[in-house]
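Please go over the structures that come below.
In what comes next, chain A is part of two complexes: it sits with chain B in the first one and with chain C in the second one.
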Partner chain A sequence: MASEVTFRVQRFDPKTDREPRFKEYRVRNEPGMTVLDGLLQIKAETDPTLSFRRSCRSGICGSCAVRINGSSRPCCNAQINDNIVGGRLLVEPLANFDIIKDLVVNLDAFWGKIRQVHPWNESGEFRHTGKALMEVTADDLSEIRKTEGCIFCASCHSDCEALRSNRDFVGPAAIVRAYRFMHDPRDRLGNKRLDELKARTGIGVWLCAICGNCGESCPKLIPTNECIASFKNSWFSENKAPDGLKTTAENLEKMGRVYELDEFALRMREKLGLPPLTPNNAPKLEPILKKKGVAK
Partner chain B sequence: MTVFTHDVVIVGAGLAGMRAAIEASRQGADVAIVSKLHPVRSHSVAAQGGINAVINPEDTIKDHEFDTVKGSDYLGDQDRIEVLIAEAPMNIYELEHMGAAFSMVGEGEALAQRHFEGRLGTIDQRPFGGQNFPRTCFIQDRTGQALLHTMYENLLRQGVMVYEEYYTTRLVVKDGVVGGVVALDQRTGELHLFRAKAVLLATGGYGRVFSVTSNAMDVTGDGMAMAFREGVPLEDMEFVQFHPTGLYPTGILVTEGARGEGAYIVNGKGERFMSRYAAGKMELAPRDVVARAIQTEIEEGRGVKGRPYVDLDLRHLGCAKIQERLPQIRELGINFAAVDCLTQPLPIRPTAHYSMGGVPTDVNGASTLKGLFAAGECSCISVHGANRLGGNSLLETVVFGRRAGMAAAAFVKGTALPEVPAGVLETEKKRIGALLDARGPESVPRIREELQTVMFDKVGIYRTEGPMKEALAKARELKKRYKDIHLSGGSLVFNTELIEALELQSLLEVAEVIALCAINRTESRGSHFRRDFPKRDDQNWLKHTLARRKGDDIVLDYKPVAITKYPPQERKY
Partner chain C sequence: MKRYALFTGCTVPAQMQNYEVSALKVAGKLGIELVYPEGFTCCGFPYEAKDTFKQKTISIRNLAVAEEAGLEVVTLCSTCGSTLSKANHLFRTDRKYRGKLGDALGEIGMEYRGTTRIRHFTRMLYEDVGVERIRSLVVRPFKGVKLAADYGCHYVKPAAVFDGFDDYRRPHTLDDLIEATGASSVDFKDKMACCGAALLAVDEKTSVNMTKYKLDNIRASGAEGMVTQCPFCGIMYDVYQNTIGEYNLPVLYLPQLLGVAFGIDPKELGFKINQVKATNLLKKVGA
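The block that comes next holds the complex of A and B.
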């Protein structure tokens, strides 16, 4: 049955507005309608000045990501009925980007980061030969398959805590792309891509706060966190981690803690009635560190 | 207002446009792409099935040629089809060298059950409709996406300049020579002139002429309309392919995979009605046969719950099989129609899918206008004739994109920058400004919807003279009403209301041509099915339609089909 729902949509016109503002629209809601359908209805029937990006309306082109009730995702495959909170549905532009107009944000920085990781096979000149380069078994492709489905919707960047504090952070999507090419058996750039990524982005991947948001917002279920962790691990094993982190790792190895317990801390604990700590935790942690390749 | 100058300007950044750009740049030309979408958003991204090529030693070039010619209902030009098919294998390998990770033989199968025996490291191929050999290469179920991304990344590698989100409003022509385009930077709202020695159109198809379509919202036939307005003919515009299984109500594609796995198509009375149309093949009959059967059921009132759809029922396949073999289709139903195919049938109806017609070109992409090239779905070479074979259009984008890029680069060598008409940018600015100031009583969305509905209902799957004439009259009336549209004005920054108004001009232009060409072709061939002329008529109609604008009129002309090896036979499956 058709019902009505309120769309609360963030608007911003650079020519007339200093600050974004909100406008509410009533939308006829039929079963099966998506949030994009709702926006299209508003544009066609109520307010033609509302701007948003859309193209395929089938969840594959990556154009239409917005924040729905605070979480980022493409809106063309989001059912209205799954996203109503208190009779309303809040639609805002992606965060961590500048707004061009209404729900349209400037993605130049996003694309720039993708470009930074050399997202192509450095397998030399491509030529017309009667042969595939890929002289591999299908098993070698599983890492590519896990990651190549990214649709560049930028939802992960919008929800990223590290980007919120530092917009220069390379961001999960570019890391995923780098991962895809590093695991391509035809690629010859290998770790050079990784090193350059670090050189160009300062602290690079280490800025990631491991908040997990990127994995949660990804509409294509890309294991973003796994990719990020794998980069961190390989840098670590090549002894290329930032100094601060190396010290942390050494501390862990030595005493099973990230930093040394000083007198003050111990006295504070006593004062607060907390149980005493064993000074050395290392034996308990050792097996874990070994398994993760942090300790030798 | 800036004037940019390049050797070659390519309009469109789908597979065809980007492939052309890479090639022209590799040949040393200064190339720029102007595209209304970011390249990665182009509609090529939506192709799922795959791309055809003869790469298995057991397959033959001749078979691929014949399947294509037969599929085209003998309207495809055989000399061009020969080029398409001969160059297919090297283009597949080239894509693979560029970085596409094609699905490989044995991938995804448990080690013990692998069927590849000695074919390790070979690109896998799947069977596709209308072909007698499994020759469709694929990348899982996202072939278009993976190829488009690969192409984009190679474009970056090649360092080609891309003007992203620039809407091209017109071609610039003087004394029968193309000298560039005018485009609107959507981000700033500024209009710019792009001068060039060659312009290459790669703007895709015109699916949005119809109310139900599998095509993206931006597939509005802009390039064809632009060329047509400058007196360039359009070829075979009456041929529009309908896919039988679009999700109701939007028309999003439900892939053939579902029927391949054994799904039933059932009408409102619970009948598996395909038994009345193709008892032998049932649901697996060719696309056009299934599409017409579904449409008949709907038109004769046997839709489900009296509505214009029938059911695609998968329930008898069982939860396990659906979850294992068709997870994407289940996801599609849940996300886009709130229907879980484990417990409910999916509502489907035929959907406009592919535009066979377009700007006529030679085998190197050159059009009849000096300096103008075209490639991809917006062109008509013609390799698809009256009906495209699944998997042949992605192939067309790379084979002829590459050729057109090469030819454009060769063309600009030694060519001087053509003159452009004086004040062309100012004139265009005035035109856009007037549109922005339009305050009439008519609405763009309403005109668009009326157009799309009448075209789908009357120039769609079934065609008859009377209704088609009504549709043509309606299209012309809507064109008049367009003069009184209303826009909100305001700033030009990402003014999508203005863009939609411009796109509607293209739709109106193209729709009129489609209707006129369809009325004139008094036979049935391939996708063009006339109830009043249900037979193919080679005597009178084995020829291509050419439509050309002459002032307010459109004149039709015809040209012969190139037949080399395969004389016309009846098309039976």
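The block that comes next holds the complex of A and C.
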């Protein structure tokens, strides 16, 4: 049954506005309508000056990502009925970008980060090995497929907590892209990609705050956090982690806990009547941690 | 009496004993026993950067300890809860991974069958005690007091490893428990913003900028205090607050708030450890 819903949409025209403002529109809502359908209705029937990007309308092209009630995703991939809060639906442009007009943002920063990671296979000259020219196993393929679905919608970039506070962070999309090529057996660069990336971005590649937003915003369910962690593991095994993270790991190895139960802490616990705890838990973890190498 | 294994993690017992002691007092008031099984270690989270497989093994080892004790795990830290749940989810859903983790555990003479349940302390209160019962025990209502809820990212994320007990985009369980004390839980911009704690060891400036972002948004909302349920959020928003700016925003752990509302003497709730003093806020309710 048709009903009405209010779209509260952020507007901004750099020619006339000093800062973004909100405009509300009534939208005829029928079951099955997506947020993009709602925006198209507004543009066709109410306000042709509203600007937004869109193309395929079926979650493939990655053009139409916006923030809906504060979370980013392609708006052709979000049902109106699933996103009404207090009778309204809030639509804003992607965050962590400069606005060109209304819901259209300047994606240069996003593509710049993708370019940083050398996003293509460096296959060099083909070498004849006597066997097949190139061999891609099922396991290789499943690694590649984990990340190959990225449609570059930039939702993860927009929801990234670390990027909001430091735009030097390489960002989840670029790391996912790098992961894809690092796991491609046809690529000849291998771990050299890591060195190259570190040289280009310095600390920028370590700035993930592990908030988990990128994984939730990805319309293609790419395990972004897993990719980022895997990168960190590779660097760590080459002793290239920031000192702070090395110390944290060492503490865990030395004490089985990250913060020492020092005399001050033990006295405080006693004073508050808290149960005694074993200060050193290292022997419990030693058999796990002493094993050499990074398991996959 | 209900019994749970209390997973204190690393930060709480060493630095945020106010969270631990208030949780024990509130649990006592509610007839809940929190026990400390011998054998828990760090949850494994800090090992994510170094070796994610060993990290998962550490988590699963802790879950095996709880399984052996026959107890459900309750965590005080949002991140401990998420780290343990992540490993548990992998163990239960990924056969290949389950085998590897089982082998790693077998090498140290332990076994895990995958039966341990993990919940955050707040979630346990919400589900097993309930908002109504908590409301009925309030003797010092925080009526008219505006408080800001801080969930901690990992209370609900990654959503796939939790069973949808709360909306990961707009969670409400903590807000509901705050409001059970009579307070109003205010809305503020980017309510689920991250405190930045994980970056403290990598780049302090970025980390503190993230903390500042949320403190600024909370100040704009007119909240008189912040209520958190994650010890590292507590460190960032309480311990670091004075180095970031003059906010004078007391940061309470949820069980500290509930304890005061239940009529427990604030001295017993570890308020001495809170860096930003909550004296004025507590005066408002006659504590």
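Just so it is clear, the second predicted complex is superposed on the first by the 248 of 296 C-alpha atoms of A that agree within 3 Å, B and C clash if a C-alpha of one lies under 4 Å from a C-alpha of the other, contacts with A are read in each partner's own complex, and residues count from 1 in each chain.
As a working rule, contacts are C-beta pairs under 8 Å (C-beta built on N, C-alpha and C of every residue); 3 or more make two chains touch, one makes a residue touch a chain.
No experiment lies behind these values; they were computed from the predicted model shown.
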Which superposed partner A:164 touches (first chain B, second chain C, both, neither): second
First, second, both or neither for A:284, with chain B first and chain C second: second
Partner chain(s) touched by A:44 [first = chain B, second = chain C, both, neither]: first
Which of chain B and chain C A:3 touches, first, second, both or neither: neither
Touched partner set for A:34, first chain B, second chain C, both or neither: first
Touching partner for A:101 - first (chain B), second (chain C), both, neither: first
Touched partner set for A:79, first chain B, second chain C, both or neither: first
Chain B/chain C common contact set on chain A: none
Residues of chain A defined as touching chain B within the complex: 13-16, 31-32, 34, 43-45, 48-49, 51-63, 76-79, 81, 100-102, 104, 106-107, 111, 115, 118-121, 123, 126-138, 141, 144-145, 148-149, 151-152, 181, 184, 186
Residues of chain C that touch chain A when the two form their complex: 8, 10-11, 13-15, 17, 20-21, 24, 36, 38-42, 46-54, 57-58, 61, 82, 100, 104, 107-108, 153-154, 157-159, 168-170, 190, 192-194, 196-203, 205-207, 209-210, 213, 270, 273
Residues of chain A defined as touching chain C within the complex: 69-71, 85, 161-162, 164-166, 169, 203, 206-213, 215-216, 225-226, 229-230, 232-233, 236, 241-242, 244-245, 247-249, 251-252, 256-262, 265, 268-269, 272-275, 277-278, 281, 284-285, 287-289, 291, 294-296
In the complex with chain A, residue positions of chain B that touch it: 37-38, 40-43, 45-46, 89-91, 93-94, 96-99, 101-109, 120-123, 139-140, 142, 145-146, 149, 153-154, 156-157, 187, 216-218, 249-250, 252-253, 332, 335-339, 444-445, 487-488, 490-491, 493-497
